[in-house]
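A, B, C, D and E label the chains in the order they appear, each numbered from 1.
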Amino acid sequence: MIKNKILEKSIWALWLGLLALPFMGKKAGILAIAILLVILLLPLLNGLIARFGISVSRLNFLSSSANWLKTNKKMALLILFSFAAILPLFMNRYFVDVAVLCGIYIVLALGLNVIVGLTGLLALGYIAFYAVGAYCYALLWTHYHINFWLALPIGTALAGVFGVLLGSPVLRLRGDYLAIVTLGFGEITRIVLNNWDELTRGPNGILGIARPSIGDFIIKQPIHYYYLILAFVVLTIFITTRLEHSRIGRAWVAIREDEVAAAACGVNVTLMKLLAFATGAAFAGLGGVFFAGKMIFVSPESFTFMESVMVLCMVVLGGMGSIPGVILGAIALIILPEALRQFQFYRLLMFGGAMALMMIIRPQGLIPSQRRKMELEEENG
Amino acid sequence: MMLEVKSVSKSFGGLKALDAIDLSIHNKKIVGLIGPNGAGKTTLFNCITGMNPPTTGRIIFKGSIDLVGKRPDEIARLGMARTFQNIRLFSDMTALENVMVGRHCRSKTGLVGAIIRSKATVIEEMKIVKKGVELLKFVELMDYANELAKNLPYGLQRRLEIARALATEPVLLFLDEPAAGMNPQEIFDLMQLIRMIRDRGITVILIEHHMKVVMGICEMIVVLNYGIKIAEGSADEIKNNPKVIEAYLGKEE
Amino acid sequence: MPALYLDIVGKKRGVNNNIILKLEDVKTSYGRIEALKGISLFLRKREIVTLIGANGAGKTTTLMTICGIVKNSGGHILFDGEDIKEASPQKLVRRGISQVPEGRRIFPRLSVIENLEMGAFIRNDRAGIRSDLERVYSLFPILRERRKQKGGTLSGGEQQMLAIGRALMARPRLLLLDEPSLGLAPMLVEQIFRIIEEIKQGEVTILLVEQNAKKALSCADRGYVLENGLITLEDTASRLLENEKVKASYLGA
Amino acid sequence: MFLQQLINGLTVGSVYALIAIGYTMVYGILEFINFAHGEIYMLGAYLGIIAIGLLTAMGLGNSSAFLLLAFAFIFAMVFCAFYGVTIERLAYRPLRRAPRLAPLLSALGVSIFLQNFVMVTQGTRNKVFPQLFAQNGFDLGNAKITYIQIMILVTSILLMVGLTLFVNKTKMGKAMRATSQDQKMAYLVGIDVNRVISVTFLIGSALGAAAGVMVALYYGLVNFHIGYTAGLKAFTAAVLGGIGNIPGAMLGGIILGLVESLGAGYLSSEYKDAYAFIILVLLLIFRPQGILGERLKERS
Amino acid sequence: MKKSLIILCAFLIGGLISNCQQKKENLTKIGVCAPLTGDQAKMGNDILNGVKLAVEEWNTKGGILGQRIEIATGDDRHDPKEAISVAHKMVNEGVIGVIGHFNSSCSIPASFVYHDASIPQISPASTNPQLTSQGFKNVFRTCGRDDQQGSIGAEFVINELRKKRIAVLHDKTTYGQGLADEFKKNIGKSNRASIVAYEGIVQGSGDYKAVLTKLKSRRPEVVYFGGVYPEGGLLVKQMRELGMKAIFVSGDGVIDPEFLRIAGDAALGTFLSFGPSVKEIPHARHFIESYEEKYGEIGPYSVYAYDAANILLSSIQSAGSTDGEKISEAIHNIRHEGALGTIQFNANGDVLVAPYIFWVVKKIKTEDGKEKLNFVPYT
């Protein structure tokens, strides 16, 4: 029995080596041996991890603190927030800059989470709204000298309007078709940005956007941006949480769970979907305006299909519909490639492999969504 | 007169699923809709509740409102609710939340209200929870309020679906095979529940295969076969109607 | 000849060679819903046994459990005296169990002849397939006429014939028929049942699930009445036909 | 000019069609978008070059161009077929019952992985396909059609006819169609669905590889990121024709090629990529099932 | 599952920390930022190799200011936001100067970061005029500017080739379109030639027959292309396949041995603007030999990167300090004899003379008597 398993694993390793042969030449042999070693030693490693895991779980302060976190949610949030607030003081600017990027993507991912995670509409062209926000500020500044703070609501609203415009013709499509059409819209947006030279200056992009400022203080250093984006992240979390636990959020989730039943409960499905699209798009617009203010330069290269895919990955990897999950997903997907930077060439190779592996091990995401339990004592009394 | 169905027909492709159905439903009654599989019962429900509008014919609600062409959510708001043959709960929401979704069309908090959580919103939300709790108690599901709908036992899921439908404050309630898959005790409880719903002033129309249920609680029974109404009347009348017996047991050689 | 051969094999194994299929206290659940609550039944070779009961009683589940699409959570299913609990649907088809599923499920975009060929997927004997094709055509002449047509364009009755023909193409020893009369006009129902009796003349054992109890019982040898996942009655078909309880289980007490 | 654009469009379109078939076949059976399929095409293009390099290294570089090419095709198609099957086995099969988006992401992961695998092992430089045929061709009035174009058209047609015959005439082909129409019933008649899925990936990937070799030959240039755009286009073509529908994918590919060619020729070539998507969006809004497709069942 | 989460987090944080820790060893670090992975990875690696060569030479000579030189690489994947990230990382790792980035769309946003940290930045390849027009004292480039090259191209077409009907193509990138626009502008200034077509193509799409067929119907005598060699090669090849006989003229982005391989004989007679023949510059011969020995074929920007690195290192040497402002000042004052010839910078940080000449593709006899395509200076 055990022999059979080893044989099977050897065959797999050999097979994979054979497949790599045309590309790797003689090195394929080494690969085959490496794969064999890894899959043979994996059970051993698993055992080690399990033992390590047990010893970790024996540290009961961990489990008790987990319990404490569950019961003192507000306190936990406060601690988390203060941690986030003092974090950059101990980090260098590269780290802070990466953190700022994380912040932007958290906003984007939470916005997409409204569309994909809560309402269950698969959108693949989400980055178009981000582009709308970024170009909105870039153009408003270069043409009319409208400052960051004024551009912020305008860009957000404009992206929301775009969401509705895009949403209204396509919302009657379902599932994969909706995904494909939004993908098409996303690509069209990018192509238009790249080609409408008169307005967007095409591939040259728009340079010389003003940095945001408060009074005379110009936001310039990564750490300044960090606190600004932290504020936006908190705002986004606040709004999405409130929405999720409101009548509207319930309607969204109901549509995700069962559109027909939701309609039968009196939910205006089209309206609610449009609202979800608009809300999600608005957050992307917010992120976009910030992005323009941070880069002080926008060009179509920042709004490729791959970006949409990355944001979607954050949502799915983190756990669809789960706000903490999505945040963790965004952080992981920004930090992972950065952490792998030392591997240079291999970093995307590892990233791709890790993504596939992660889905196989944990298809429901890092922190799957959980519904809120209600305290019903007072109503009972 | 609560609801009048006037020569409603529905075809799918070439197949006539409903053929010129006429039906009148009176206030505060329990009406049974029976017939063999594929007789067109659920199709009729779908026509009335706007899920799948009829090909021809009119459906008049409360004597004046024509339902044909209205969206399901509009119809729900007018006061009609339904359950589904193959239970369509929001499975990843808690039982209480399921019922709260039912309150959607009776509340009106908007985007801004939800975000700033104004006083009106808080009050409305409290009312929604209160109503939800009241309905969960009504269907005796209070112990499961925080359970995810998908984790409830089958029979309770059926009851939850009824509670959710009731949350929309209907005057007319459509139940599609509410007793399917239930054990005798559950069926007995269900019959009690349906009577209680009727006593709240709600007219109930149900599709059911459990004849015990239909014969036991329905004040009026309508029989469909091959998309045609073949009989209408009280339980006893139906039981002895040769057309009905033939439809169910088949013709003898 | 095959029958004789089987008899010898059966004797060697020391089982009651006359029984082809035996269910012992089989339980099946979908998630938390227990659809079969422990049913036992048996089929003798070349018998037609019918399983009747109201909607949702668990008839289809029984068939799905036998052919391995749904796994039973308790009890034993013995085919030729061997437990087939772990066998995959493909294996069971190879061993001689074919099903005509509810709703016919013909492949809509394959032509009639291709549908029939798919029925013989597990077989490799070209000559045998060809002769069986002829047999099916002689059984259902209309299929020969329509052999180039796409399955989805056939009428309901023709689809039903195709579904039966397809199942026969696997040369089954046990044929599971699920609601062959469903949704068919009365004349076609007659025809289908005539054909079932014709098939019976061959080597095939048939388990027939029907809602149309009278029709089913009039062509079966024995029958079981299923109610809420339990077998409540079992007798020869002719005696069941006379039994008032059967009517009750359909139309309520 | 119109004739020339027609020829250009048909050539590109037939390549799109070959890749699109892989998307459509997988969607037909598994109902998921195999985003890694574009990379299979890229791998095929590389393998074609590697195959010819191999022959040259063995001193057979001077044999007839057709022989070299035939070897390149077979080499690439066989290996890519294995890649496709292996990817399905390792990255998709474990996710058959997972939430809907999981296999999609897994496919994206595989796609990133493959792209970078090729980059790491083959270097970042473009690979140049040796020129096996002269660049000239026939004059058709004002237009020119090169030998390579003729070869691409003929090969694609042969492959598509071959596939059509396979799907319509063989037992496995019919089983594939049956499985895509009703998977549960396929089980019930004894079809080994897992094997059918493997064969689907095998064939789709082999066709993708053939497209890769042809493109490498046509442009003479290959790099590790050609799979992305080609994949997106081919996928568009598959949807255009009606996803899940094999003749639809062929038609969609040809139409897409023609639209791009004529759009770039008569409108503006900057927006070449946009034409495909504009057509796609319009089509999906007005005829969601695609040109030849039938309405898909709703997934729950 | 929690375990795996913890492990994942630990891994992430660990990786990041190990990534950004500052090494305070006896080292001088210079940064190389370019797309090292992704679809423009080839160009990025050409640049990296050029710098590596220069650094190795310096190190064998004993390093700089008594310290060994080390290269810190930054992969921007030609994504502007990654460029900023990478720039911060460079600042963080304490690099003294940066060679990069490749794309103008990365060089420009990154330049803000380098400017803030007053680290000198020398781009070997970003030709967009905007880069050096921001008033930053620390930004330089060893390559020419689109406007310089474009005007030389226009002059060449009008005065040397004396052609009248001219079609312009570009690849819709900052570089390509910039070049094409400058060319077009300069043609427009003259009344001796006219633009018969002006079109953008999609980079990486491979098939340009559609747009070329359109061009063919306008009967141009010259096709000028703003873009890089893969598209250039495909364009000229497909032009010949369509039976177009127009002369193909393009810029430095197309000068790459791969251009010849892609286009084959179709490349014959193509004119390309580029720096003067490196073979005639003494420093260049040495560069070519050692580069080809170490890294194989020279890419179009390898030499620009090599010179940029040398300029940076010499300036550090002459400034005698690792202070960014002093180094920038030294670069402004430098007169560097490199593989590109003499390089001096103007106040903006652009090269004083952009020594563009035209090259033509010809068949030359190699030592073993075979004929081979190659670039030959046009006289």
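We take it that contacts are C-beta pairs under 8 Å (C-beta built on N, C-alpha and C of every residue); 3 or more make two chains touch, one makes a residue touch a chain.
Keep in mind the model is a prediction, meaning the values are calculated, not measured.
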In how few steps can one go from chain B to chain D if every step must land on a touching chain? 2
Path length in the contact graph (chain A to chain E, fewest steps): 1
Chain centre separation in whole Å, for chain C relative to chain A (CA means): 52
Between chain A and chain B, centroid-to-centroid distance (C-alpha), Å: 41
Nearest whole angstrom, what separates the Cα centre of chain C from the Cα centre of chain D? 43
Cα-centroid distance, chain B relative to chain C, in whole angstrom: 34
Residue ranges of chain A touching at least 2 other chains are 194-195, 345, 348
Scan chain D for residues touching two or more other chains and write them down. 116, 119, 268, 270, 273
Which chain C residues sit where two or more other chains touch them? none
What are all the chain pairs that meet the touch criterion? A-B, A-D, A-E, B-C, C-D, D-E
Contacts from chain E onto chain A in the complex sit at residues 1, 3-8, 11-12, 14-16, 18-20, 22, 36-38, 73, 75, 78-81, 84-85, 88-89, 91-93, 103-105, 108-109, 112, 116, 128, 130, 172-174, 177-178, 200
Applying the document's contact rule, which stretches of chain A touch chain B when the two form their complex? 239, 242-243, 246-251, 253-254, 257-258, 260-269, 275, 279, 369, 371-374, 376, 379-380
The chain C residues in contact with chain D across the complex are 67, 69, 88-90, 93-94, 98-99, 101, 105-110, 114, 117-119, 121-122, 166, 170
Please name which positions on chain E make contact with chain D in the complex. 36-39, 41-42, 44-45, 172, 199-202, 204-211, 213-214, 216-217, 230, 233-234, 237, 240-243, 258, 261-262, 264-266
Seen from chain B, its contact residues with chain A in the complex are 49-51, 71-73, 76-77, 81-82, 84, 88-94, 96-97, 100-107, 109-111, 113-115, 117, 121, 124-125, 128-130, 133, 145-146, 148, 164-165, 167-168
